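For reference, the structures are reproduced in the following blocks.
Two complexes, one shared chain (chain A), two partners (chain B, chain C).
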Partner chain A sequence: MRPSLLSRFTSFLFITPYLAAFCLFLLFPILYGIFISLHNFELLSTEHDFVGLRNYIDIFTPGTYTNSLFFRGLWATIQFVLFSVPLLIVTGLGLALLVNALPRKLRSLFRTVFFVPYALSASVMAVIWLMMFDTNAGFLNGLLAKLSLTGVPWLTDVPWAWVSLIVTTLWWTIGFNMIIFVNALNEVPDDYYEAASIDGAGAWHKFAHITLPSIRPVMLFVMITSTIASFNIYAQPFLLTRGGPGDTTKVLLMNVLDQAFIRKELGSASAMAILMALLIIIISIVQFKLTTGRKENAS
Partner chain B sequence: MKKKPFNWLTLFLMVTALAVVLAGCSGGGNSNNGGADSGTNSGSDTGSGSGGKKTEILFWSPFSGADGPFMKKIVDKYNGSQDKYKVNFVIQPNGEYYKQLDVALSTAKESPDLVIMHVDQVPTYVSKGQLIAIDELASAAGISKADYAEAPVEYSTIDGKWYSIPLDIHPLVMYYNKDLFEKAGITEVPTNREQFDAAVQKLTDKDAGVYGYVVPTLWPQQFIFPTLVWQNGGELWNGSDVAYNSPEAAEMVDWLRGMIDSGISPANVQQDGENTLFLQGKNAIQFNGPWMKSQFDEAGLNYGVAPVPQIGKAKQAVYAGSHGFAIPKNVTDENVTAGIGDFLKYVSSNSMDWAESGQALASKPMLESEAFKALEFQSSVAEAFPYVQFAPNVLNWGTIVEPVWGELNNALLGKKDTQAALDEAVEKSRQAMK
Partner chain C sequence: MKTTKSWLLLLLAAAIAVLFLLPLVWMVSTSFKNDFEALAGGIQLFPKKPTVENYVMGLQGELMNVPITKWIANSLSVGAAGTVIVLLIDSMAAYGLARLPDMPLRRTMLSLFIASLMIPGVLTFLPMYMEFNALGLINTYPALILPATAGAFGVFLLYQFFASFPKEIEEAARIDGANKWQIYARVLLPSAVSILVTLGIFTFMGIYNDFVWPLYATTSPEMRTITAGIAIMATGSYTQSYGKLMAMTLIATLPVVLVFIGGQRYFVKAITQSAVK
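Coming up: the complex of A and B.
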């Protein structure tokens, strides 16, 4: 049966607000960003010459300023992504399982507790964790000193700086992944588990053969959103390590923003941002293909 | 089945959210005015046309911190003192200020008539043709260069034209913990390297966990490093190239590192680490800006302030910033220009409220006034005015100098040899100059 014209029009009406917002706040900025990236877009100049792919070519030409900005920053960002994404998934799922195993009354309390940091602003997060990580006056090193252990240079040495940034990120953002996983776990029908119990399956087998396959689509969603979020890392290193030690934790977005608003070169900054977006898209597609491909093999 | 009412709810929420977002947008021009200017800005776009009423002047500042209310007081008093002009005071968030300003200037919509600008930004904006020279306006309003501290006036005079009227100067200063000084038996505040080295040695008390001078490895090195390099006879910029890998610069970095090696400072100080220890009474001395005053007052510290000692062997010098008033290029209305002149003339002799915020004023009549001299902290900051220096007058200096902070961080954390770190900074900076 074909939907009537009226009904189709009504449906269209319903998506219009979203469509308008999408065009205004996403589509237009993206297109404008691409437009800017093809120009010598110096913020304070009134004339912006069209330069074609010059900004992009410069980024890939060794020895140029934007080349070192982009690839040094990208390397730092990729390190962060590699460390953080697996932990964001595992910890999120772990917390969800823990919270779900609690008695009903405590469950909502702990869901809230773990979610609260997600609602904090970046500067509040930074103030809290600077106090925790302070080498000479911080809580963690104070604790270590009480145990007669030597302090750790949490923010001024590698790999500790990365450890600190990841711990902070987990604490700050894990609530989101946890809530998604909690909902996914609740969707798994109880009869599966009952049937498995009758067949004599233990907790591990239930988890590996029922829970994990059932939540695979959500897992993929969490993996992709976590990867995107991790690529966009900015506030944590900007406020905690300031890119240090040296420039080891100076991530790509910090460099993009320097280029855009300190150097005021919006053209090459946009080119850097668009390359970063392309990279994220490619990685998301690869993740999607890999995960869905495996599912087909399994079934 | 179960989900149907839920969907309606979601839809309702989405539509509501959208309505809020759109409403926020349509009022966008007024919503970015920051916090402290409620009331004063209403009707800023009516212009001067309506029936020979007051000429309105849109005045932008980055004073989103504790300093905002002090400037607002000055503006309010001015608006109350005459009825020809009305200054609409707008505060933009400090961290966003130049972004907002660049966008406003490049779109020429809602563009301010008068802006606060840091003096080291003036050359960049002048080279982009964004500012109007103020010589005529100043002479018409009876404002003279001689009435202001020399350094910012000279710096903002480019090719014989004057672009910015200074409001304040904020040099690096030395804060010290009076209790710790007394405990260590130090009666004289150090003014040179010998005295400083001896003092920090005495102040360091391992058992009590007290350090003489905790060496910051990040901010505010942006103020400390240039100060030390200039004091030691070095330069950041030699006229055509970056010069911070000179022996003079390396000697000063080694001096800082020496304090870490000998235990006068702890190692691995992260962002704000020296300040946390200072607030806890475990760091006897720190070099920082006058803006820290209110934080120390609130913490109830028994502290003193003095000019940074002359550590280098060549001369006394100190890195400073300065706020000044500048006028964007699209201000052409004669009434507005006259109003700006009138307001700035008023400020030059009525800015004590700004000094109350902790800033040392750049106007000489104010500096010489009894009221200013009575302010112990601010007068002490002003002692450094004769030898303050600003960032080199080089286009894109901010990104050119950027690599130094990372490499200095490496050197102070002991990750790299000083000379190697500074050489690498110079290499990276040269890339940024192309």
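Coming up: the complex of A and C.
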């Protein structure tokens, strides 16, 4: 029996409010962003000339302002991604293994302690670390002074600026990865480990041959989410290093927002934003394909 | 042997826990120091002359010249309003997608929503600003609330739950004469309380903690959210007054940390479920 028109209409009513929000605040902005990127779109001007792919071509033409803005920002972002993602995965898994090795009663206490920084706003997190890293009044240099060591320019010199950005990022987000790993580790059936013990397998063997293969899908998830999050880095360099020293830690998202709101060139800023978004989407698809492909070969 | 090893592990965990808590403890400690002591450096954990003047002055808006209490009220209100809207429209949408097969375009919309989970925020940020600007909504509460309602995460989370909900219970309600709205409100929603709490916590924290969008979407001091306000204070001259900055930061942090710790048991499981599927 074909459902009545009224029934289908009622069913559609349930989706209508969300669909409206989706269209207005996701779908439309995406299309509008593409439109803006094809125009010479000054923030305060009302006339916007159509320029076709000019903004995109400029980004890929060596010597133009947007070219250096985009690729220098991209290089800073990529450096951060390369430094941070492996650490986010390894220390996340390490903390999870550590928490799981503790007596049952203490696990939730430690889990909460490692997870709490994740609840903070990026701006709060950055301000707390601003005070830890402060050259004169900061805790870390205070500690070094107590040990009769010279202070470190945590936020104003390389490589320290990178170290600071990565330490804050680890402190802030590692708890999320840890929680995912803890739950994944708990899902591995105990029989696997028991069977391996009977066969005389050592701890390392069990980790490499049972734990790691069992948590591979979760590993993939953590890798993708960490990569995307690191690509979107903004708060840490914006509030801590302010992109410095020089432009060393001035990441892509900072340049996109500067181009839009300081130079007020919305057209080229939108083109940069779209290219950055495409890059993020491509990377997550590639990571997904790579890991699922390997899984099929293994089985 | 076995016990030595577990003691060592416990010691290691405790050492790392101290490192994790140190910045938070330092924040609390600094917030009770006067400006002179806060800027003096060193690692004095307990203030020599503890003072609550940072809190008193901060909350009164004196000296700082910033309406902290208004900022917190703004953050709490837009967080709460956004959360209520998201819970309502996401659960309706998820119920429709999962349990009402006669909905027109159901499959198409479901794939569209799931695909949208991959869209990074940078893609919509600038055009969203221009959209709200054109609508004259910059520096209003809707600008702080509405963008958070478009995400498909909640729809997806609830869809998974509703899709696996036993058909028999729904059938029984229908035989008793319940219509779609009644089944949604009286059968499906009450069964999804723990997922709704999870989604509510995530949504509230997401809106409360976001600072980049509110930084641009608000322009006047009294419309700022607390996180945007703190970012502005930090990029301004308030680093000269760490005590006050830390007092404000601590106040800003309390609501969300309480929600987070209180709600942990609900969402810890849900995070993994969304990861594996």
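What we mean here is this: the second predicted complex is superposed on the first by the 273 of 299 C-alpha atoms of A that agree within 3 Å, B and C clash if a C-alpha of one lies under 4 Å from a C-alpha of the other, contacts with A are read in each partner's own complex, and residues count from 1 in each chain.
By our rule, contacts are C-beta pairs under 8 Å (C-beta built on N, C-alpha and C of every residue); 3 or more make two chains touch, one makes a residue touch a chain.
What you are looking at is a predicted structure, and each value in this text was computed from that prediction instead of being measured.
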Chain B and chain C placed together on chain A: clash or fit? clash
Exercise for the section: Applying the touch criterion given at the start, work out whether A:136 contacts chain B, chain C, both or neither, answering first, second, both or neither. Expected result: both
Where does A:170 make contact in the superposed view: on chain B (first), on chain C (second), on both, or on neither?
neither
- Task: Look at A:229 in the shared chain and tell me whether it touches chain B only, chain C only, both, or neither; answer first, second, both or neither.
- Result: neither
Quiz item: Which of the two partners, first being chain B and second being chain C, lies in contact with A:277: first, second, both, or neither?
Solution: second
Give one of first, second, both or neither to describe whether A:263 is in contact with chain B, with chain C, with both, or with none. first
Ask   = Is A:180 touching the first partner chain B, the second partner chain C, both, or neither of them?
value = second
Practice problem: Scan A:119 for contacts with chain B and chain C and give back first, second, both or neither. | Solution: second
Open item on the list: On the A-aligned overlay, A:153 touches which partner chain: chain B = first, chain C = second, or both, or neither?
Closed with: first
The answer to whether chain B or chain C touches more of chain A is C
Tell me the contact category for A:245 with respect to chain B and chain C: first, second, both or neither.
first
Among 41-49, 95-103 or 311-319, chain C is struck only by the chain B stretch 95-103
The shared contact residues of chain A with chain B and chain C are 14, 17-18, 21, 24-25, 130-131, 134, 136-137, 239, 242, 261
Per the touch rule, the chain A residues reaching chain C in their complex are 3, 7-8, 10-12, 14-15, 17-19, 21-22, 24-26, 28-30, 32-33, 36, 95, 98-99, 101-103, 106, 110, 112-124, 126-132, 134, 136-139, 141-143, 145-146, 171, 176, 179-180, 183-184, 187, 217-218, 221-222, 228, 231-232, 234-235, 238-239, 242, 253, 256-257, 260-261, 266, 269-270, 273-274, 276-277, 280-281, 284
Given the complex, residues on chain A that touch chain B span 14, 17-18, 20-21, 24-25, 42-46, 63-65, 68, 130-131, 133-137, 153-157, 239-247, 250, 258-259, 261-264
In their shared complex, chain A is touched by residues of chain B numbered 11, 14-15, 18, 21-22, 25, 98-99, 102-103, 105-106, 124-125, 128, 130, 214, 217-219, 266-273, 276-277, 280, 282, 396, 398-399, 402-403, 405-407, 409-410, 413, 415-416, 428, 431-432, 434
Seen from chain C, its contact residues with chain A in the complex are 6, 9-10, 12-13, 16-17, 20-24, 26-27, 30, 38-43, 88-90, 92-93, 95-97, 100, 102-104, 109, 113, 116, 118-131, 146-147, 149-152, 155, 180, 184, 205, 208-212, 216, 227-228, 230-231, 233-235, 239, 242, 245-246, 249, 252-253, 256-257, 259-261, 264, 268-269, 271-272, 275-276
